[in-house]
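Each of the two complexes below includes chain A, the first together with chain B, the second together with chain C.
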Partner chain A sequence: MSQQRLSFDDVHVGDQAPEKVHKLTRTDLVRYAGASGDFNPMHHDEVLATAAGQPSVFGHGMFSMGFLGSAITDYVGAGNLTHYKVRFSRQTWPNEVLTTKITVAGKRSEDGHDLVDLDVRLVNAQGEEKVIGEATAAVPSAS
Partner chain B sequence: MSADHSEELAALVGRRSGAPQVAPDAVNLAMIRHWVEAMGDENPVYLSEEAATDAGFGGIVAPPTMLQAWIMRGLKASLEAESRRAEPETTAGSDNDRMMALLDDEGRTSVVATNCDQHYVRPLRLGERLVTTSTIEDITAEKKTGLGEGRFVTTRIDFVSLPDLGEHASVSEEVVAAGEPVATMRFRILKYRPGTAKGAEVRDGDGGPARPRRPRPALTQDNAFFFEGTRAGKLLIQRCVSCHTLRHPPLPACAVCGSLDWDTVQASGRGELYSFVVVHYPKVPSFDYPLPIGLVALEEGTRLVADLAIDPAELRIGMPVEAELVSFDDELTLPVFHGLPAERDEGG
Partner chain C sequence: MTASEQSDMLAGLIGTPTSHSVVVVERGPVSFFADAVVDDNPVYKDPAAAKDEGFENIPVPPTYPFVMDHWGAFTEFQSGETFAGIGPALGALMSKGGLILHGEQEFTYHRPVVVGDVLVGKGSIVDAYQREGKGRTMTFVVVETNWTDERTGDPVVTTRFNVIHRA
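Moving on to the complex of A and B:
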């Protein structure tokens, strides 16, 4: 069952979520352009991208955010994510292998909610950070 | 020097980017399916009524990070907005259009997304219709960044759910205020001046950073001969085999007789300056500025756009010019035109 039942009492600072790994392809970029409605040609038109001085087409920032986000919701549960923010630090390129890195950074209780803070990153095979961010989930306590 | 619109930009902070935007479609299974497939997200609560109910949602929910997709206006509307912004005398545009035009006028013509920050009040359910209001939240002073000198612009987008919206394509602020807040997204972009990156000054000689290469031409079966020709030291011009009309830039067919058959002739490289512009910005790192660019009427009888190695103060329409083929790197050789004395010495 993939609906994660992360419980506040069982989670510890330093815990790591399962990694999601994906090799980015040009087909991913085309599929994401259609699914998201973002048709900036730098993400699907190789001729235009190279004419603009880019080595090739490159990934949408929001694809990186969404891919990392899916690993976060797999870990904390889809309905529990309350806050997710990222900085787009590097472009992603076709054939790069992207890996999600999610670590529990803190636990706190606020306004009657038990909150888990996560340090979240998307890195390539060389360890270069593509996206760096934070996420917060309101998770149930074990009863 | 570019314009400084600090005051006009400061006056836009806190203002709405534009009118409220109504999501083109209600939250729906088809769009969710495309999105989770693109993401490789296999969480069943996004596609299976049963799994979503078992998980306590009472029905299928949308992935939280899909938020932005519900209000994307689509390619057609984006292209229309782009051409509206390109109009020199835009009066009808939104405050967002005005802000972007002011930043462009400051020479900050390049854009990159730097941050995205999303707050979710609750999961979105199938059938919900979303409406957003966008506010220009912050425009910074000029910052030096790894990409170039620019301003960071933060836009806050508030999402509300309106159950009884029906077919309305637009709504008033009052109607939006009655909606249920479901999410907030802040999106930060950097609008920067290309070619002004930290440490990107173009220097020659040892120790300096390597000069970026010129943009590559998009090569096709019709134009490849031109760039192969310049590399081989020849300025080649396309000629129609049927009616012998010259044409440039290269095209598949003759505009005069329609023939698809063509060959090339080698131009002498001499001609006269038909027209010119001097580019000051946006600055692209592989070029020197001010950058004079000419439309040259070749003596063979067609015209060609090329760089001019002539002091902008000396440029005159009709002046005689001659091409030199300059290699910019291993792949790229292009004609660059020099001025010639008005009356050439034709004698021995």
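Moving on to the complex of A and C:
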């Protein structure tokens, strides 16, 4: 939650946001399919997915980005993001434990805004990166 | 297609409009979407929590703009224009087989999107190119959508994604 507000003055390069951890389930895949309208059967139909040569159904890339996004906004405050970009590097699989890794990469002031740049990643228990990206938030200075 | 014909085809895609939609941002879908990305921040559910955090209304999770077309593009608000989108470009590539991947996704936020917003999104292909490597041809098509506030015309959020065809 954003009750504990991040302030520009108190944030330092190298700081790490609290991690969010989630074990991916097939139910998560079905729920995300419904919420997004992405009914590609590779994400919910085990029969079709295995027939296509996949070991099982696999997660939506945008679920990974969305889950990682929730950890980012928990850290910087909902509504403070100005930019969020990721590259999808690996598929996610049911029963994988996904962990968010968010590190402060820089601080700068631009056009009257105090901006914090973040390095953002989602990894599994083996440390394999599922999505890798960057985010920027405009955060208030300490009052 | 020869390599040079393919290169001309890709260059010709740049600037092609892919979408023009009007979407309404509604509370139910936003709440359901927050659950679907395992986001338990009360601002996405509770108008009072949203007001406490300085929002005019319930805001949306960071990746909601990727799906809002699915939820809020009610027929009566649309212009009636139709677009082929990136289908024909990908179809030409897929005619020789291969795999389509979502490579990158980017959001630039100009102001928070909140429940009650009516937004106009215009998308177009902004880049298309090929790269060779490891005996594979990778074709990249980049689509950008600019969402503006229907009432004021002000920019709200810009989304950009790239689709990769790997053959």
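Here is the rule we go by: the second predicted complex is superposed on the first by the 139 of 143 C-alpha atoms of A that agree within 3 Å, B and C clash if a C-alpha of one lies under 4 Å from a C-alpha of the other, contacts with A are read in each partner's own complex, and residues count from 1 in each chain.
Here, contacts are C-beta pairs under 8 Å (C-beta built on N, C-alpha and C of every residue); 3 or more make two chains touch, one makes a residue touch a chain.
Treat the numbers as computed from the prediction; the structure is a model and nothing was measured.
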Chain B versus chain C as contact partner of A:53, first or second or both or neither: first
Contacts of A:82 with chain B and chain C, given as first, second, both or neither: both
Partner chain in contact with A:17 - chain B first, chain C second, else both or neither: neither
Chain B versus chain C as contact partner of A:67, first or second or both or neither: both
First, second, both or neither for A:34, with chain B first and chain C second: both
Touching partner for A:139 - first (chain B), second (chain C), both, neither: neither
Contacts of A:120 with chain B and chain C, given as first, second, both or neither: neither
Chain A positions touched by chain B in one structure and by chain C in the second: 2, 20, 22, 28, 31-32, 34-38, 61-63, 65-67, 69-70, 73-74, 77-79, 81-88
Residues of chain B defined as touching chain A within the complex: 31, 34-46, 51, 54-57, 61, 63-66, 68-69, 72-75, 78, 112-120, 122-123, 186, 212-213, 215-218, 284, 286
Touching residues (chain side chain C, partner chain A) in the complex: 29, 32-33, 35-44, 53-55, 59, 61-63, 66-67, 70-71, 101-109, 112
Chain A residues within the chain C interface of the complex: 1-2, 20, 22, 28, 31-32, 34-38, 61-63, 65-67, 69-70, 72-74, 77-79, 81-88
Sites on chain A touched by chain B in the complex: 2-3, 20, 22, 28, 31-32, 34-39, 47-48, 50-53, 61-63, 65-67, 69-70, 73-74, 77-79, 81-88
